[in-house]
Each structure stands twice: as C-alpha cells, then as structure tokens.
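In order of appearance the chains are A, B and C, and numbering begins at 1 in each one.
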Amino acid sequence: MIRPWEIAALALGLAAAICGATLIGSGSLFLLCEILVIFLLAQMWNLLAGFAGQISLGHQAFVGLGAYTLFLAANETALPLWLVLALVPVAVGLVAIPLGLVMFHLKHAYFAVGMWVVAEILMQLAAKADWLGGTSGLVLRPGGNMLAGEPERVVFAIAAFCAVALMVGLRVFLRTRLGLATLALRENEAAAASAGIDVRGLHLMHFALTAAGTALAGALYYITALYISPNDAFQINWLIAMMFVTVVGGIGTLTGPALGTIILIGAREAMTAWGFTGGQYWIVMGLLAVVVLLLAPRGLWPAIAARRGATQHATTEETEA
Amino acid sequence: MTTALRIDALSAWHGAFRALSDVSLTLEAGRVLALVGANGAGKSTLLGLLTGRVPGWTGKVEVNGTALPPGDPRAASALGLALVPEGRLLFDSLSVEENLLIGGGGGRPGPWDVASVYRLFQILREKRHQRPSTMSGGQQQMLAIGRALMSNPSILLCDEISLGLSPPVVAEVYAALAEVRGQGTAMVIVDQDIARVCATADEVACLFKGRISHRGPARGTTPQSIREAYFGVAA
Amino acid sequence: MIAGLIETLFQGITLGGLYGMIGVGLALNFGILRVVNLAQGELITIGAFLAVGLVALAPGLSFAAVLVGAFAGCALIGAAMQAAAIERAMAFRDPMVPMLVTFGLAVILRNLLVETMGADLRGLDVGGLGQARIDIAGLSLGVLPLVTLAIALAAFGGLAALIYRTAFGRQVRALSDRPDIAALMGVRVRRVHTLVAALSAGLAAIAGVLLAMRASVSPFSGVAHLLVAFEVVVLGGLGSIRGALGAGMLLGLTQVVSSRFDGNAGLLYVHLVFFAVLVFRAMTGRLS
C-alpha cells in the first residue's frame, strides 16, 4: 500500500502548491500553470499509450470536452466555479465510458484514427452549436459575472497538487493488483487475457480515467485563458504536445513525461528569449524527437536510467572486487 | 571433388540460449546430407544461419571456398545457397509463376528457369496464374522447391521437406529432389521421416542439443541407429 | 431534377478521385512498409507549394512539367526521410517507433515550409480552366473537375500497372508478404523500401497539385489532409490501393451530397459517415 515517504511527498506537494500559489508572481504563475497542464495531459496520454498500450490520436477531444463542460456549467448555473471544476472530470469520465464501449470495437491503428475523427467531429459540432457560441466560442462568466481576482493562483495550487498526487497515485496504483494487471496487459494482451485479466474492463477503466484527467487539465488551462473556441480547445496541437512530451521524455515511465515537459517548455522559453521564431523552435523539437527515437526508442528517461543503473552496477562490482 | 560447404567451429545463440555449439561439417559438391534431430536440436537454426536469417553466430562458414558473411540473406543467395523453408513461406500476393520469377532474381546462371521448373513439376504450369494458397500442400511444396531452384543454387537447403504431406506426395517430392541432384546440386535435407531421407541422402548428420552427435554414411541408417546416436547408448 | 442529380454525382466522383489520391500514398506506404506515415499530409502540402513555387519561378512551364517537378521534389524528400530516419526506426521491432519518427518528421516539414514560404494561402492559377465547361449529352460539366479526375485515374492506373505488371512491383509485393524470404531471393530490401517511400511521396505531391488547382492551400493544412488520407486508407482496407479509390469515392459523394443540405459543415458529415462505417464494420466483425 501507500508508503510513509509517499504520504510525506503528498503533504510536501500540498504545502508547496499553497506556498507557490501565494508567493509567486502572477506572470510566472501563468507559465507554471501551462507547464503543469502539459505535464498532466502528457501523463494521461502516457498512462493510456505507455501503460495500457492504446495509442489515441484524439485525446484533444477530452481537453475540449472538459473545458466546454466547465464554461457551460459555470456560466449557466449558480454553482461555484471550483465545484464545477471538481465535477468536470466526473462528467467527462462518465461520457467516456459509452464512447469507450464503442471505440473498443476498433483495434490499434483503427482505434487511433477513430479517436482523431471523434475529436474532429466534436470540434465541428461545437463550431455549429449556437448555444456554445459557434465558431467564436464562449467567455468564462461564472454565474453571469466576469471572474474576479487572480484565478491563476488557485489553478496553480490545484494543478501543482494534482501533479504530485498523480505521480504518487500512479506509483501506488502500479503496485496494486490492477496496476500489475495493467503492466501484464502492456507486455502481452493475449497472455494477460488467458491469465484471467479482464482486458476490456481494464482498457475501459484506463480510457475513462485518462479522459477524466485530460478533461480536468483542459478545464484548468482554460480557466486561466478565460476564453474558449472550438478551433482552440479541440486543436491537434494538444495531442502533439502530449505525444512529444511522452515520446521524448520516456513512454511507459512515470518520470519521462516530467522530463519531456521541462524540455518542451524550457526549450521554447530559451529559444524565444534568444530571438528564434516559433517555426524554428518546432523544427528543433521535431529533430530532437527523431534523434531521440532513433538512439533511444523508449525515450530519454529510460536511457538515462539504464546508464545510471549500469554505472551503479559497475561501482558495486568494483567495491565488491 | 570440391567442397561445396565447409562449416568450422560454428556456435550460435538465441539470446542467452546456445542453439549450436562448435558444429563442424563439410559437404562435397553434388552430395546430399540428411540432417536429423529432435525439435530444438538446432536444425532450423543452422539453416537459418546459412541463409542469413539468424545473425548471431561465431565460427567460419565457406560456400564454394568463399566466406559467408553473417546476417546477409542476399549474400547467401549470391554464393549459391537456396532455401526451401519450413512451412513453404510462399508469396501469396504473387501468382505461382511470379513466385518462380522472383526466385530467379539473383541472376546466377544454370540449368533452372521457368520452363525447366515446369518440366520438373507439370502441375505448376497448369496453375501458373493462381495464388499459391489456392493449391494443395504438396503443390505448394513443389512451388517452394521450384522457387528455390530458380536461383540455380549450388546447395539446396530443404527444411522439414515432408511435414504435413501425404505419403504419395512425399514420394513425388523426393523423386523430384533426385532429379535435382542429377543436375549436380548439393543438398541438405531436414526431415522427421528418417528412413525416407536416409534413402535419398549420401550422408547423415545428427544434431543433439546443438552438437553433432553422429556423422556417417546414410546407407543403412535406420531410426533405430539414429536413436542410439541421440542417446549415445544402444537403446 | 435528373440533370441536377447527375451533376451532384459527377461532382462527388471527381472529388472522390481527389480524396482517393490523398489517401493512396499512405495506403501504399502502410501496405508495403507497414509504416503509418504521419508526415503524409505535410508531403501533400509540400507538393502543392512546390507546384506554386515552380510556376512562380518559371511562368512558361507546361502543366505536365509542373506536375512532374512536384512529383520528383516530393519523391526526393520521401526517399531521403526513408533512408535517413524511417529505415533505421524500422529496425526496432516495435511498429510504434517508425510511426513516432514520422510524427517528428511531420513537425519538421510543416515548420520548414512555414519558415521558407510564409504562412499565406497559396493556389495554382488555372486561368480560364476554372470556369470552362463542356457539354456532354446535354449535361454541362466543369473541365477542371474532369481534368482532376483524369489525372487521379491515370495515377491510380499507373500505380496498379507498376505494382501488378512489372518486376519491380513483384519485388514490392514479395517484400510486403515476407521480407526475410524476399531478401533471400535477392531482393534489395532497403532499396525497394526507399523507392516505395519515394513513390508514395510522389503520389502525395500529385494530390497536392490537384488540391492547389481547386482551391488555395495553407502551409498548416497538412494535418487536415492527413486525416482525410487516414479515412480513405482505413475505409479502403488498410494498404489496399483499389480500396483507397473506392473509399475516396464514398467520402467524396458524402461531402458533395451533404453540402447540398448543410453548406456550412466542413467535413463533419464525411467524418460521421467514416465513423459510422468503421464502427459498423467492426461490430459486424468485418474489420481485422
């Protein structure tokens, strides 16, 4: 079960989240919020692709669904914004269950492309829906009023705590029976099924959980943006970020997406500061992805961990000798 | 007499598992070697390695006096090795005739071309526009042999040649192999049907747990004598 | 009424030919190399921009020369990507690695295009061809859609002839069936892979040129093309060339018919039809 140091990490994470939210300047908070959101999104995609073995090219659908659900529910009801935020992952997770039941008729490449098409359909439907503001979208007005204060402080606190809780939670989860079953599923689906693992149920669970997490991260992001439109919320660039961060950082590892997020945002901030254009930044990122894949197809973190493991191994051998 | 195949101190690994240990063999030009042994004894590994499909090995292999590079199927083909693989492994997107044509892609000169393969296996001419999967197992085996012959090999490697075939078809296949041999082609034949393969071969080599446990003339070899060789004692 | 119906059918079929062209390169790549090429959409866009660039540099160039130029340019890019990166990625047994490599390549290509050509929409000026119509059996048909359809059908025919009638095509099919046995038959695996990648990129360029003749193309439109290509390939049966043409026709007809009822829906109905067919096939077990 959960270990003492993991509880300590959770407590520390909570303290850091609150301290950060109160002490850090507003400008930096926006950047930190973005970093945390990208990390949460990537970790969700990683959980589905790297652990449950299902590549989705359509998880941007849940970013949009989460954000639109939040905007609509906050604008149209008198519920407090942060309560609505808590309900968003529940609602989207529940929607994902019937969607998953349909999508799981599709396997591998069919599933991946099918998800992308779902995201595109949702984008087009949102653009056609007048009650969602059509192509021009919605402005966040909880209960009809503009959002007061500095929402980024709360968003940061929530996102930071969620990031820590996700890391701890996934560590704990992977030790449980279900977690071990998930790892077995990744290694060999047929063998896992013959060992009595409910493959379909497990896939559905991961699909719904990652949908919920993606929706929460999307909702958090658009609270700081205050404005949402279909072309933005359902855009493929969300997926590109999730995939890049996971693939470069290390697919199927818990630390990989964190490393990938730091590289993606760190390189952007650095290159922008040095006067490079956005296009040049993405060319470098694309090259980085290709080179990493060719040299370390499981990503940077597994390669680093393997090297460190090797040196540790070597040093213990030396001391023993 | 020249040596078609010389294998010297050959060892091969599948990961940590040593599939072949210190195997040495020679095969003179035009001779037929029966390679027998239980499942997992290393027969398919040996044929896979000779045809460049198993890359991890040490030792020396010479084909007609030229060293065989590891893990290079095209080089193996160019040196004169051709494989009739276990399970036939025909190209089902290609017609029967196209399977033969692609077999002749290596460009080695010799007696075999589409016409001479059709003379050897009449049935293939009749079915030349069909897909291999529409034919019987025996016909597919004939196509696999024909496809291998198209490269005019100096050594024909046949893996599990009679597996899954009825006795009359097996007889037909071996009759064809005898004709191939008449053209001066050396052969290595792997078959579970020891009596049958030893009736055709000149020599027999027995693989046991990756080592050659027995080597001798094929004439007079019986399943009984092979069993003795397997276990090292008279059963 | 009947004339209107035939007119709609005609538009659907010509658009279907274009959709088929958008998908066929991807189908070829997947069918032979077993690589899901996420950079295919960018190659289509680059094909369009190559044609626009050629016309700008040499205004007197004939249309055929522009088409060949765009084909050759994209084929070179496709061959280079295969030889430099994708072939190496294919050595890892995991099919996800080459797909993710093409994802990285797509990001590079898109941004290289934006950096060199700017973010503006570009189209090919087809002069009077855009409005020209000819009368066949009492029907007035647009010349440009006819030309598009003719080029698409010629490309499909040429590709089928290459794959099913030539020695090269034989090698390609053999390699797709059983790569290790094909190598034993003397097939140069890497060379055939590179040529197939070049061919598939060249077909993308043709699709791009046809797109640029119809309407303006944005340097960011690669992803949208990729999605259409995916739909065509998936509906046509993964890797099937003939299936790609049929699927293109179905989606083209869907688009034209649906735009009669709802002119402001983009590709919504195409996506819906695709999704419905896909799920229906999967639920009835007609999807591997």
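Here, a residue touches a chain if its C-beta (ideal position, glycine included) is under 8 Å from a C-beta of that chain, and two chains touch if they have at least 3 such contacts.
Since the structure is predicted, the reported quantities are computational estimates derived from the model, not experimental observations.
**Student:** What is the graph distance from subunit A to subunit B, where chains are linked when they touch?
**Tutor:** Minimal hop count between subunit A and subunit B: 2.
**Student:** Report the most central chain, judged by the distance from each chain's C-alpha mean to the global C-alpha mean.
**Tutor:** Smallest centre-to-centre distance to the global C-alpha mean: chain C.
**Student:** Taking mean CA positions as centres, which chain lies farthest from subunit A?
**Tutor:** Computed centres place B farthest from subunit A.
**Student:** Select, from all pairs of chains, the pair with the highest number of C-beta pairs in contact.
**Tutor:** Greatest number of C-beta pairs in contact occurs for A-C.
**Student:** So, what's the distance in Å between the C-alpha centres of subunit B and subunit A?
**Tutor:** 54
**Student:** Just the number, please: Cα centre separation of subunit A and subunit C in whole Å.
**Tutor:** Averaging C-alpha atoms per chain gives centres 32 Å apart.
**Student:** Suppose each chain is reduced to the average of its Cα coordinates; what separation in Å results between subunit B and subunit C?
**Tutor:** Roughly 44 Å, centre to centre.
**Student:** Of all the residues in subunit B, which ones touch at least 2 other chains?
**Tutor:** Residues of subunit B touching two or more partner chains: there are none.
**Student:** For subunit A, which residues count as touching subunit C in their complex?
**Tutor:** Touching subunit C: residues 55, 102, 105-107, 109-110, 113-114, 116-118, 120-121, 124-125, 127-128, 236, 240, 243-244, 247, 277-280, 282-283, 285-290, 293-294, 297 of subunit A.
**Student:** Taking the touch rule as given, give the residues of subunit B at its contact with subunit C in the complex, in rising order.
**Tutor:** 51-53, 73-74, 76-78, 82-83, 85, 89, 91-94, 98, 101-103, 105-107, 147, 151
**Student:** Would you pull the subunit C residues touching subunit A in the complex into a rising list?
**Tutor:** Residues 36, 85, 88-89, 92, 94, 96-97, 100-101, 103-108, 110-112, 114-115, 223, 227, 230-231, 234, 238, 264-268, 271-272, 274-275, 278-279, 282-283, 287.
**Student:** How about subunit C: which of its residues touch subunit B in the complex?
**Tutor:** Spelled out, the residues of subunit C in touch with subunit B are 167, 170-171, 173-174, 176-178, 180-188.
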